[in-house]
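Read from first to last, the chains carry the letters A, B, C and D; within each, the first residue is number 1.
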Amino acid sequence: MNGSGKAQELRPSFVSDYMEGAHPEVMRRLLETNLERGAAYGADTYSESARAKIRLACNAPDAQVFFLSGGTQTNAVVIDTLIAPYQGVIAAASAHINTHEAGAVEYCGHKVISVPQKDGKLRADQIRDVMEEWLADDSREHVVMPGIVYISHPTELGTLYSLDELTAISDVCRRYGIKLYLDGARLAYALGSSANDVTLPDIAELCDAFYIGGAKCGALFGEAAVFPRGGIKNFITILKQHGALFAKGKVIGTQFDALFTDGLYWEIGRKTAQTAERLLNVFASRGVELAAPSPTNQIFVLLSQEQVDALAPQVGFSRWARTDDGRWIVRFVVNWATAPEEIDKLAELL
Amino acid sequence: MNGSGKAQELRPSFVSDYMEGAHPEVMRRLLETNLERGAAYGADTYSESARAKIRLACNAPDAQVFFLSGGTQTNAVVIDTLIAPYQGVIAAASAHINTHEAGAVEYCGHKVISVPQKDGKLRADQIRDVMEEWLADDSREHVVMPGIVYISHPTELGTLYSLDELTAISDVCRRYGIKLYLDGARLAYALGSSANDVTLPDIAELCDAFYIGGAKCGALFGEAAVFPRGGIKNFITILKQHGALFAKGKVIGTQFDALFTDGLYWEIGRKTAQTAERLLNVFASRGVELAAPSPTNQIFVLLSQEQVDALAPQVGFSRWARTDDGRWIVRFVVNWATAPEEIDKLAELL
Amino acid sequence: MNGSGKAQELRPSFVSDYMEGAHPEVMRRLLETNLERGAAYGADTYSESARAKIRLACNAPDAQVFFLSGGTQTNAVVIDTLIAPYQGVIAAASAHINTHEAGAVEYCGHKVISVPQKDGKLRADQIRDVMEEWLADDSREHVVMPGIVYISHPTELGTLYSLDELTAISDVCRRYGIKLYLDGARLAYALGSSANDVTLPDIAELCDAFYIGGAKCGALFGEAAVFPRGGIKNFITILKQHGALFAKGKVIGTQFDALFTDGLYWEIGRKTAQTAERLLNVFASRGVELAAPSPTNQIFVLLSQEQVDALAPQVGFSRWARTDDGRWIVRFVVNWATAPEEIDKLAELL
Amino acid sequence: MNGSGKAQELRPSFVSDYMEGAHPEVMRRLLETNLERGAAYGADTYSESARAKIRLACNAPDAQVFFLSGGTQTNAVVIDTLIAPYQGVIAAASAHINTHEAGAVEYCGHKVISVPQKDGKLRADQIRDVMEEWLADDSREHVVMPGIVYISHPTELGTLYSLDELTAISDVCRRYGIKLYLDGARLAYALGSSANDVTLPDIAELCDAFYIGGAKCGALFGEAAVFPRGGIKNFITILKQHGALFAKGKVIGTQFDALFTDGLYWEIGRKTAQTAERLLNVFASRGVELAAPSPTNQIFVLLSQEQVDALAPQVGFSRWARTDDGRWIVRFVVNWATAPEEIDKLAELL
């Protein structure tokens, strides 16, 4: 793993899923096409090809697909595009836009209407309650009008919506005339999970927009924003105005073209799911308690202060939160680049 | 130039300087470090190394350096950071922020106070006049307060500020207590031009912020924003809020580390300058009239409609504007990737 | 009360405290000075006089005082002025800026960091907890940085901060280096309440900014924003940029000059407090249960559906919320213009 | 004119048209209705009555009419409502929104696309040229898309559009699918001018929105925004979000009800026009040169430095700009409150 090629002792790292560069196949394609000239701003043939493959994978022939360079950027711009300037966005209190995007949605002028969550998930009945409360308020003209719902799949806590849950959310959004947006920063790891029953065509059918995450799922960087039924006007201008129009569109397009060729994106998801399962087995065999169900590539476990202190010098992981009984909720993340030896080494150390 | 390796007829292209991927050396470094894990958000060792090299090259040991993914984004965020929310930015009417950034500066709430230009350049006396007019206005509390000056080097028209001109601009900014920001999207092509007498340390000394362009100057993508005397607080948060914080900082850091190793950035500039000179010679030998002096990698020439029609099917270039006498101002752009054969072929066709 | 002068049956109204015009004394002064010419934008002599009286009443000789035309406007502009563009505002979940200002604070780009409340009040320890949580977060650069605390006195629920509570809040703000802003839309009704132990000089000492409410407290309209220690630069420009600079400053200045002459503002508060006490006595004598302690001019009581239905045709009031046991929390508001006969009539009807 | 009632020497003032309070008839109505209770936020009967009268006067039965408290606020909110967040507003370089509103339009995120002007007026062919240039630009997706045209009637320089000119502007806007907005801060003085051939129904037919100025035309304060064909959704929420929703709507509604009763608004315009004519005669008889044609209540004349120095201690007026030959362009403004004696006195002094 070291560029200099020198042997060194393995230090397993489960800190995050965006510490490496690109999946080797993605990198290979970038290298191969490096000196080819492509039209700017996503009008190149690789971007066109990637868009066609994404439309096919989503079973959404009218979809508009745009390539952006970051997730927070994508969330802010897409939400700002889909709602009126005076509307707000309903999200779980734990949602990334509500916690770790430094107010990027508010920077665009929109309130995040947060609701309590369980396991990172928003429920259809919570959305209904927000809407009913707003509609019942005689002063609702003075209240931020909800315009869109934000969810992520997997959620911030690595959990998954079932197709039934997602369908119920979509139904309630349509009943109340608000939009539904899905943040798919780690979508590959949902699609690859054996616990997942939501497909890309499901998402395309049920949501008004979503993004297919690249940076955490095998790309060097980049995200693909999808408006499955099209109809978005002047989005290039909107992107430019937000400082989010990537000049060398070919560079992201080539990567998504690679990720959506021969099922690489799903392969990355599946392989990671197997790695996560191995990790879960290690925790189970060592009696480490899960802090939450972990169907995807983020696994939250409970460790005592002593365990944390012992492990920290030798393994990379994140302290997530403290429990009331003084233990730590600790996050371990795996991805396509996690080596089997890292799991083995962790097993030794536990 | 074609990834498939098939022979094909050469079609010279002078359309823009951001159609290829990265300079091979940059690409080599990206590949070499691809699977190494790096701390996110620019805290990795490659970004640290790149920052150190840039500080050295700028003779600015206290400089803060941040890596962003695009030029419009960099302009908007840096300007928004340097001035108060109620201040505006003085720029030439032809400035990129005033013409081709879709109002990204205004999206941040700031007025672009545009002044007429000649050859794309803003003059110190024009800045002085704006300030004096504002100061003399009894209603100036109702007028947007100028807070910063935006220039680019090279300018939109490929021209260069002399050190004297830049010094005069800096002096007038300091006299009136406003900031100076330099957009260096194509800075390598200024630094490599024989007509240029402005160095990176000069820029660092004379400006309050600037960016060293990567995307058009050898990087796959990415720009390095530099605050030469430091003092900027909470810029990571500001970047995040603007959707401009790049998660895998290592990916841009590695590129700038390569560009600032062994003088590659200057080498790219010099090589391109030689290519531009060859192109100028071709135009001169064919009697093609220059529309403007062209000391950098963008060359503006005057062609008749017939010439344009004849050339267009065989060579890539941009129609820039129409002259009053019915001719076209046509832009030819070269960069580090322009092949000598492309110039030869153009010479044949003219 | 009817402009046509015709006798009509009295219909008591307790709907809100901003349904009438101005207190007669304020109106008299407006009429008296109507044709006098005054410098625009608050530079007139009446505004100067009002400012001097407010500074004296606040024991804040360096205070900057500005007159604005509305409360939401004042909240948004003052908060936007006191914090950096990337900072947020801590407020009780029930705070007016978080519930009934249509996202005006978010429109300025700032997140409202809401915390649960009891009786409408924010506690010092809650502010401390928000700050400690933010400081303890390793990802805090990605989290909205708290920059200011918003409270109102009285609160949205008519309750009052004690001087001890306000001092504790101020202390915690200063300890963490954040600002404190107090919304005084109904400040007269706090100052006039026998339950209140917070004076204007206390507020001026403990807060970084506050506003003295006019519209609900005897003025035709208008609010006085106070920065008790001065130091705000370019606020006229900031007001203009936000569409909040009132051209005929004299019109608001004259009103505050009247309100701060011979203690009229306090007189309005005291008289209203007596009216509120009479109303409380009526409720007590009729066995109507209070929904919350009501030390100011907004009284929240519990009524059954039958009581609401019987009363609604004859008395104006607001249904505030439904309780779990099916009753209504109903709001009755009195002000300087409430007639004794209205209370009598209500007593009859209950 | 002095509140204290003391005799004092007359000092004529022609500084601006917003130094007094309200026209006596407006004040009378405010006083008369002062203690009546009215529903908040413009739902009261006086606002309803005013709206009905305005619709009738505009021959626009479907018009939506809203009352705001200031002109800059009205311009910014209405423009922000009528265009998409990424669109800009075409205006004469001298337009109030481009010069003296402190960037309020840019604060809402929109670029002001300014074009050179003559006599303060924008011409239809200039708008056409902006649109054609934008449409012809291959990079127009990177250019701010024009979405609306801003004009004022009278203009900043007191000039008037003819019906032909206004019709041509409206035609070109409709041809290119952009909106037309007219700032009527001084509309009464246009309507009262003998040089004017544009009626309120003309404006309602030709524009997408406009405002009828109150503050400078007889009201204590307040402006009436009119959307002549309706169709604006959620404007109360938009106003609230911008801090522009006036709580005691009755206070502005009553004033416009008075101004639109028995033709008072026109009467104010006509009386002022006569006063302006008397002033023009005085200038003509004294050989004072006009700086520009002055069909409305703002008269621009050329005075030498000596004349300015001699006059300034005894008469109020504004120095507008310096001419190249060292003279001053000086502005004299009259309104409904200008006394004949002021003109007489000025005549004496010249």
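What we mean here is this: a contact is a pair of C-beta atoms (placed from the backbone, for glycine too) under 8 Å apart; a residue touches a chain by one contact, two chains touch by 3 or more.
Predicted, not measured: the structure shown is a model, and the values here were computed from it.
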Check: Can you name the chain that lies farthest from chain D, using the mean of each chain's Cα atoms as its centre?
Finding: A
Notebook entry, point to check: At the interface of chain A with chain D, does the proportion of residue numbers present on both copies reach over half, so same, or stay under half, so different?
Noted result: same
Margin query: Using Cα averages as centroids, what's the distance between chain A and chain D in whole Å?
Written below: 51
Notebook entry, point to check: Quick one: chain A and chain B, Cα centre-to-centre, how many Å?
Noted result: 33
Next item on the list: State, to the nearest whole Å, the distance from the C-alpha centre of chain A to the C-alpha centre of chain C.
Entry: 43
Notebook entry, point to check: Which chain B residues touch at least two other chains?
Noted result: 85-86, 101-103, 107, 141-142, 237-238, 240-241, 245
Check: What does chain A use to touch chain B in their complex?
Finding: 1-3, 13, 15-16, 18-22, 24, 27, 30-40, 69-77, 101-104, 107, 215, 220-221, 237-238, 240-248, 250-251, 337
Checklist line | Footprint of chain D on chain A - complex, ascending | finding: 41, 80, 84-86, 109, 141-142, 145, 234, 236-238, 240-241, 245
Margin query: So in the complex, the part of chain D that touches chain B is made up of which residues?
Written below: 85-86, 88, 99-103, 106-107, 109-112, 138-139, 141-144, 318-319
